[in-house]
Amino acid sequence: MKLLKDLLEIQSVSGDESPMQKFLINYVLQRMHSWKVLPKVYQGENFHDCILLKFGNPRTAVFAHIDTIGFMTRYENQLISIGGPELEDNTLLCGQDSLGPIFCRLKNIDGELFHDLPRAIDRGTCLSFVQNVRIDEEFIQAAYLDNRLGVYNALQICEDLEDGWVVFSTYEEHGGGSMPYLLKFIMEVAPIKQALISDITWVTEGVEHGKGVAISIRDKYIPRRSFLNKIIALAHESGVPFQLEVEDAGGSDGREIQFSPYAIDWCFIGAPEDHVHSPNEKVALYDLASMTELYRFLMSRL
Amino acid sequence: MKLLKDLLEIQSVSGDESPMQKFLINYVLQRMHSWKVLPKVYQGENFHDCILLKFGNPRTAVFAHIDTIGFMTRYENQLISIGGPELEDNTLLCGQDSLGPIFCRLKNIDGELFHDLPRAIDRGTCLSFVQNVRIDEEFIQAAYLDNRLGVYNALQICEDLEDGWVVFSTYEEHGGGSMPYLLKFIMEVAPIKQALISDITWVTEGVEHGKGVAISIRDKYIPRRSFLNKIIALAHESGVPFQLEVEDAGGSDGREIQFSPYAIDWCFIGAPEDHVHSPNEKVALYDLASMTELYRFLMSRL
Amino acid sequence: MKLLKDLLEIQSVSGDESPMQKFLINYVLQRMHSWKVLPKVYQGENFHDCILLKFGNPRTAVFAHIDTIGFMTRYENQLISIGGPELEDNTLLCGQDSLGPIFCRLKNIDGELFHDLPRAIDRGTCLSFVQNVRIDEEFIQAAYLDNRLGVYNALQICEDLEDGWVVFSTYEEHGGGSMPYLLKFIMEVAPIKQALISDITWVTEGVEHGKGVAISIRDKYIPRRSFLNKIIALAHESGVPFQLEVEDAGGSDGREIQFSPYAIDWCFIGAPEDHVHSPNEKVALYDLASMTELYRFLMSRL
């Protein structure tokens, strides 16, 4: 869990993902020599703050977004949202500007957002939820489980992955924009027909804590039925506990695969969380474990 | 009309278009040897559930979407929409899940949707309007004229088409997603400068039954004026009855051409219908005939 | 200012930009031989109504959209918007249809739009605000400063530009659609890593007349932080007066760069205006001058 705790402490609000990029690339470069297959690593300015790892001869890619929701300072102590954070009054926020570290509270006054720092903050400074990681026997609770758990899952499956792309994307929480060039690069270097979205979904009346990883039949967008049938059949075969999700809202990096100029099937597979986009996101450790187990099975069998 | 009736009986809700793909590919393979020009056929897993037909040396492509609106089962007898179906209480729906065929009613309780089947339905099952085709001297009325008539029109013009692409797309009713890879393929294999959208539009205060096919000057999006001028001049020259449509909402496969990385002009041309996205869509046979007549003229002259 | 006044008199509502295309190409072809570097000019049907100028070995591209907001006639004296024009009752509008020039007023009756011309206007005719240019010592006021000033700025920097693309795009006010093929062409011919959006923004509580050009840290979309940091550092170094803008709405051609399949950094830099999208858009001449000055500095240093 050391890796997961490290991931949770790093700020990388959409648009400002370079701290997480640096952490991940260091981790990969140090760790990859112990992996079953040594991946080819693609990163640097040509990929902005994204990272791609190519293992063997890929048939399928796993995408995990490394950005988070947050806030940006505007004028006169105003804040505006990045992505769709929960907006509870008095939530603790942190960040840094030219004058030093920032620690303040979110003030939500009839939907208008402010910070309460006595001094002005540089225009355009990103603020994040103050992190508070809580782990017990059953649950992990923290800010930004969405999508630190998806990143963690992607890194776990690197350990013994033989063939596949593992890709760390940016901007997912704020409309996207890295997926199109990532997909173009993948399709030019080692094309794929299938993609799995390693991300965190919602606990709802149909998807509960502790019932296993969720396979999403749809969110706002709809993957192709014949690919879902294949995934679900393999999930049954795997013996890994899973739940089927059916939603009419929400999106993921899968959206940009759907609208890409490539005929790539995609499916969102991830553990469900409660208290979405708040400092108190909560996921059952059992569901996280089944997520990684299912990814391992699928990446070898798809 | 046998072909049209066959088309109307096939379910292919967005995301689950494989039954229609199978029907169409069978029809094309059997029929194409009687066509004036034998097309090259592109289909299969590389194209998901889409089909492309290349006739001669294409200058223009015709796009007809093969998917329909519908519903998907969620949890506890809930339904969610696929595309934007009309939501009248007690509408008859049909489908199939692991337990067998389904025949039930849509219950719309203050905007929340349910089915009334006494048993549970598998999560993520697609349901369609029960089909009821009515044809008299003047009109055809049925579910899914949008876009079975557009598909029918596209197949009619195959009969004597010399140069052009005829393309069957998927997902149009639910945000799209097949057009980008179809356009990429077309532009790599036999590029075009022009596209016509073979789809069905709305009867409004300005577009009436029986006044001929509608040429859309705009919907939510706006084709390039210089291309519209060319189309309208040719339509006048053709002698085919037509109406000019001007709307500020609605979209089509033309939207994805507008936003594609290719400078392709596009225009929506289709018969108007009443009772849009209901089981009782209604189109004048005269307008359908003029649609096919105008497409034949334009495909030879554009 | 002769050039600017000429630009302001030309109608080119989104979708119908050919008059502006013709004016610009004439201007460029006549003027370019006096420029420091002779650009390569790309234009014609393969680029629809867009124009690209390639100077030297580009590292950065400047994009200026040549279309404007406006109105289109529908049925029965109805009008619908193109882009998001201000809708004040009795605003003077002009245009032309098959019967001749049109001069009428906008009637806004509870949000429904009409014209008051005694005769019918051809369906689908574009109407613009009647132009009224007012210039004094401090300000310019007119319709369509957005984006005639951005176009003017782009033409000014052509005078001594050594390396870079200067690109005139279409459709920006109505959802876009030219940027994808412009970017594809640029990336195939002389690729870039950076883009500046030469467009006009809003006077707000944080961005005032006469305080210099605005560098936008975000609108609805968020450029990459590391690129913003580079721009802001260079702006400080330049000594040109500038203001930092932080908004949560609005968009530009930058949006289509963000979602393009290329890892290109982008930033919107432009003078602020009051009375946005009205016939009375107002910009401080000082801010316009600092806009051009900053572009010159950035294009040589980025």
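As written, the chains take the letters A, B and C, and residue 1 is the first residue of each chain.
We adopt the following convention: a contact is a pair of C-beta atoms (placed from the backbone, for glycine too) under 8 Å apart; a residue touches a chain by one contact, two chains touch by 3 or more.
All figures in this text were calculated on a predicted structure; none of them were measured in a lab.
Enquirer: Chain A-chain C contact: same residues or different, taking over half shared as same?
Expert: Looking at both copies, the contact residues mostly diverge.
Enquirer: Mind checking the rotation angle between the two copies, chain B and chain C? C-alpha superposition, nearest 5 degrees is fine.
Expert: Going from chain B to chain C via C-alpha fit gives 120 degrees.
Enquirer: Can you work out the whole-Å distance between the CA centroids of chain A and chain C?
Expert: Chain centres of chain A and chain C, defined by C-alpha means, are spaced 36 Å apart.
Enquirer: In chain A, what residues contact two or more other chains?
Expert: 260-261
Enquirer: In the complex formed with chain B, which residues of chain C make contact?
Expert: Touch residues, chain C against chain B: 14-16, 18, 45-49, 72-76, 80-82, 123-124, 126, 171, 174-178, 180-181, 183-184, 260-261.
Enquirer: What residues on chain C touch chain A, complex-wise?
Expert: Residues 193, 204-206, 217-218, 220-226, 228, 244, 246-248, 258-263, 265 of chain C touch chain A in their complex.
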